[in-house]
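Heads up, there are several structures right after this.
What follows is subunit A paired twice: with subunit B in the first complex and subunit C in the second.
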Partner chain A sequence: MLLPAILYVLALVGVPFLLAFVYAVGDVKVASTGYHFVGLANFESVLRSPAFRRALSNSIIFTVCSQALVLVGGNVLALVLKDAFRGRRLIRFLVLLPWVAPVSIGSIGWKWILDSLYSVINWVLIRLHLVPEFSPPMWLGQPTLAMISVILVHTWHVLPFATVILLAGWTAIPRDIPEACAVDGAGYFRTLFQITIPMLLPIINVALLFGIVFTFTDMTVIYILTRGGPYDTTQVLPSLAFFTGILGSDLAEGAAISIFLLPILVLVAWRMLRTAHRAEVG
Partner chain B sequence: MAIVQTRALTKVFRQGSVGAVVDVDLESREGEFLVLLGPSGSGKTTLLRMIAGLEEPTSGQVLIGGEVVNDLTPRERRIAMVFQSYALYPHLTVLGNIVFPLKAQRVARPEREKKAQWAADLLGIGHLLSRRPRELSGGERQRVALARAIVREPTVFLLDEPLSNLDAKLRASAREELEQFQRRIGTTMIYVTHDQIEAMAMGDRVVVMHQGRVRQIGTPADVYDDPADTFVATFLGSPPMNLVETPEATVGFRPEHFLPAGGSASASPSTLSLSFRLDHEEYLGSERILYGRLEGGQFHGAKAVSRLPATFHPGAAHGTVLPFQVERRKLKFFDRETGTRREPVPMS
Partner chain C sequence: MASRRRTRRILATSARWGILAAFSAALSFPFYWMLITTFKRTSDLYNLKNNPFLFNEPPTLEHLRLLFEETLFPRWLWNTTVAGVCVVAITLLLALPAAYALARLTGRWGERLGIAMFLTYLVPPTLLFIPLSRVVATLGLQDTIWSIVVVYPSFTVPFSTWLLMGFFKSIPRDLEDAAMVDGLTRFQAFLRLVVPISVSGILTVVIFSFTLVTQEFVYALTFISSASNQTVGVGVPIFLVRGDVYYWGSLMAACLIASLPIGIVYNLFLDRFIAGFTFGSVK
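Let's look at the complex of A and B:
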């Protein structure tokens, strides 16, 4: 009974996973026919490359910043959407939209919004005399601005998912709890920071861990908006692995880069399962 | 300590619909245990929540200690409330729960711990202070909720069905504990319940509510022995009061006053003799409930119930007609149209 499922998982997850390890310790290039074991040479070369170190720190910045924004934004949105108001259904639908729309299409839209010549943001800023007309900000062309842009667009994309998880958590808090706080004399912020948010921590944990996995392994937004540029300043590990292994046809080194993601993701996945388990028991 | 008053208090949840609470005028007495009793949906919890400040009245006033508190937040009203679910903070220890109201009042730490210790000792939960709510039994949770409520020394205690989550055995002992607790602290308590036994056992006075209105306010004996209308008459008592329609009035008598006629007493002018056709009986251990219909005269065909000590054996097959009687002074008369009490009509 389980056999088809096991075969399926082995074929789609197990084989590519093993292949990545095999490639990472070999000398495989796209279209090469032989295979020579080279030990940890690929890892050495990767670790020595400045591009890799840049990508690693970018990955961390990209994940930490976007998840911080997602947590704050998701909680604020969930708090707003929790209570009944006219048009709540429509607003909930609109909030969910960036998540259900294909990320590539959304990102292409953002590419135009942030374009160096046709940016609608710049058009507005120029009309409001907030930026000089002939040297508006190059949203995707200046290293810091480009990083901020990809972080914001990625946040825009994953925010709805976190919001939905957090909303479920917020609605699961019985009405009695905030009422008891009101009777006990606690104000809004005391209730929020001492009672409801601590009660919500397991759910926040789940949202955060999912968010880290989604962000750390994702390259769509970066690939479409900046291709890792300018000068690799927005390159992250997945995009670097793709550029090196597929577009640069150095499969072995690409595999070595992606294997660096593994320990981090294993750690996150382990914590995720533990939290989920504890939430169940609690 | 304070007196709670409501003046024409009304709550309408949706415009155009019937009010959840309609025109309620109440006045508690100093240090009183006042019970709001009614079936579910009678508005008792809404009334309590309006007193607490958790629900805004549509019209009318709430007064605590003679002061209108409509515009005050729950914390400014200096009330304490125990919720049906107890609403303990699950991530805090028992001590954390108890000191939370004091923290919110910015009471200094040594003072806080002294008061928490006092409240915990008062309720006998001193040994549980480092536990979390989910490690406690239902009865212990209730005591923690009470300790959290009392630690602030509120002027009024509001309790919303605090015993309904306990099993039957525990409920009886918790009821007694709660009564003693109230007597010890002497603070006015307003207690919501749908359980008439709780209301009768604990209340100094009982407010019977139905469809958002107060039907009767009185001591447990008042509302039981002298019900103001047919709703109160049938809501209190188990089995409820027998109600029999006559052309002039609805006549009521309690099942425990509907007794087999015995010897000479049956001839007395102070009793009303009735023929009772036994239909079936229930044996409840300490008592026996007889169900049947009245025969003959103006009551013919009316259903009636008799509650007798279990030691009484009807000794008759079902379907037989037995001589029964009610003392005339135990008969209650209600208006046929409105259901309210009216003056007695002569019965033959």
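Let's look at the complex of A and C:
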């Protein structure tokens, strides 16, 4: 009974996974049918290219910044959402929308909000006299702003997911523990940082691990908002692999770029196994 | 003393509502903006002197008419539905027996195999899309909706198996044993006893698999090149743009229609879905 599922997954995850390595050490192009082993030549050419190095550092910046924002935002949001109050269901629905709605669709909504000419954000900023009327910020057209925009939009998308996971942790803390601390004379913030947050660490760990996978390996927000532009300044590893391997039809080099996603994935999988193991033992 | 405590409580409550208001406004703003844009006249949208938050001209249904009559949008909705139903069917067919078998395996091996299965869910499309594009071409499925019907179960099955395994484990084994003593086969016992008890788990899997078809972007973009064979998730952001011209009114209408129903349904099942992600690290 197990076999069909395992075979299906092996055929469509295991086989392509191995093929990715085979391609990365070969010379496959979309049109070609032959295959020649070229050793590490693809990796060498990838590592030498400035576009790759830029994409690698962008991937790291993209992941670190958005996950930092998600952890702070997610915990604050979980803290205010955890107790019952009137309208909680509605607010929870509004807050969750960015995660439950398709991300490509949400991103195109942001593309309109950040439009070079009709941006509603610029309209507000101009009325508040925060930016000059005739040269408002080009959110997606200027390298630094474009990077900030894609980070914020991606954060917008994954924040609700982290919030719900963290919320599960926050609601599981017995009420009497913070109360006992208050009786013992500990203030609100002392209880928060010395008791509550340490208790939450396992669940924060889980939220962070999923967050890293969903951020480091994703290209949807960047593909839709900037296509990696302007001038490849917001390119990340997955999007570079897509442009090289699929649109540029250099399958071998594209595969070589994707393989650089692997170290992070292995690290995350290892941490996750430890978490699962501890839950099993504990 | 008492009044100081009251001031503090009022402060805490207002801080909390302030945070709630700020977050829900920021997070739901794009959807509100889609709604406003959908019903605005083009001349109103593109007049820089107008306040974009207001209807400066009477609202219109023109964008919706354009979307349904002159674009491929209805076609994309149909494609998504067909692919969604097929993916759900394949997922249930593979994941139900697998999860049941794992739940009933003795010792720790069931749990461990389940976790191994779950980990394959983490292997991202962006690592596999290049070799898979060749596999799909070899199977002759390139540029058809069937390419994603075949590929999507590779991540709906691992996650669904993991989720269902949790459900099946909570059902006492004695129940089936008793039924089998009464003359039912294991398969009958599974179908008549276990499945009805696990309806909510199965429903979660159905919703998860279906929404995934609307949400997935990378594979659909890679495998399908014709606009008419796309799903909503790729069709709307990529193919609703003609040349370099964005028809923002219809585009936002399409976004709203594609995201709200999915959002509402998914939201109802989110808690069960999240339980699959936390590995029991919350108890």
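Structure notes:
Simple rule for what comes next: the second predicted complex is superposed on the first by the 278 of 282 C-alpha atoms of A that agree within 3 Å, B and C clash if a C-alpha of one lies under 4 Å from a C-alpha of the other, contacts with A are read in each partner's own complex, and residues count from 1 in each chain.
What we mean here is this: a contact is a pair of C-beta atoms (placed from the backbone, for glycine too) under 8 Å apart; a residue touches a chain by one contact, two chains touch by 3 or more.
Because the structure is predicted, anything quoted here is derived from the model rather than measured.
In the superposition on chain A, A:G74 makes contact with neither subunit B nor subunit C. After overlaying the two complexes on the shared chain, residue contacts for A:G211 are found with neither subunit B nor subunit C. In the superposed pair of complexes, A:G26 makes contact with neither subunit B nor subunit C.
When the two structures are aligned on the shared chain, A:G185 is found in touch with subunit B, with no touch to subunit C. Between subunit B and subunit C, C contacts the larger number of subunit A residues. After overlaying the two complexes on the shared chain, residue contacts for A:I203 are found with subunit C alone; subunit B is out of touch. Once the two complexes are laid over each other on the shared chain, residue contacts for A:L96 go to subunit C alone; subunit B is not touched.
By the touch criterion stated above, A:I195 is placed in contact with subunit B alone, subunit C being left untouched. Look at A:I177: by the touch rule set out above, it reaches subunit B but stays clear of subunit C.
Those residues of subunit B lying in contact with subunit A across their complex are 52-54, 73-75, 79-81, 83-85, 87, 89-91, 100-101, 103-105, 134, 148, 152. Residues 1-2, 4-6, 8-9, 12-17, 19-20, 22-23, 28, 73, 76-77, 80-81, 91-98, 100-113, 115, 117-118, 120, 123, 156, 159-160, 164-165, 168-169, 172, 202-203, 205-206, 210, 213, 217-220, 223-224, 237-238, 241-242, 245-246, 251, 254-255, 258-259, 261-262, 265, 268-269, 272-273, 275-276, 278-280 of subunit A are the ones touching subunit C in the complex.
Residues 174, 176-177, 179-187, 190, 194-195, 198-199, 201, 282 of subunit A are the ones that touch subunit B when the two sit in their complex.
Residue ranges of subunit C in contact with subunit A, taken from their complex: 16, 19-20, 23-24, 26-31, 33-34, 37, 45-46, 48, 51-53, 93-95, 97-98, 100-102, 108, 111, 113, 115, 117, 119-120, 122-135, 150-151, 153-155, 157-158, 161, 211, 214-215, 217-218, 221-222, 232-234, 236-237, 246, 248, 251-252, 254-255, 258-260, 262-264, 266-267, 270-271, 274-275, 277-283.
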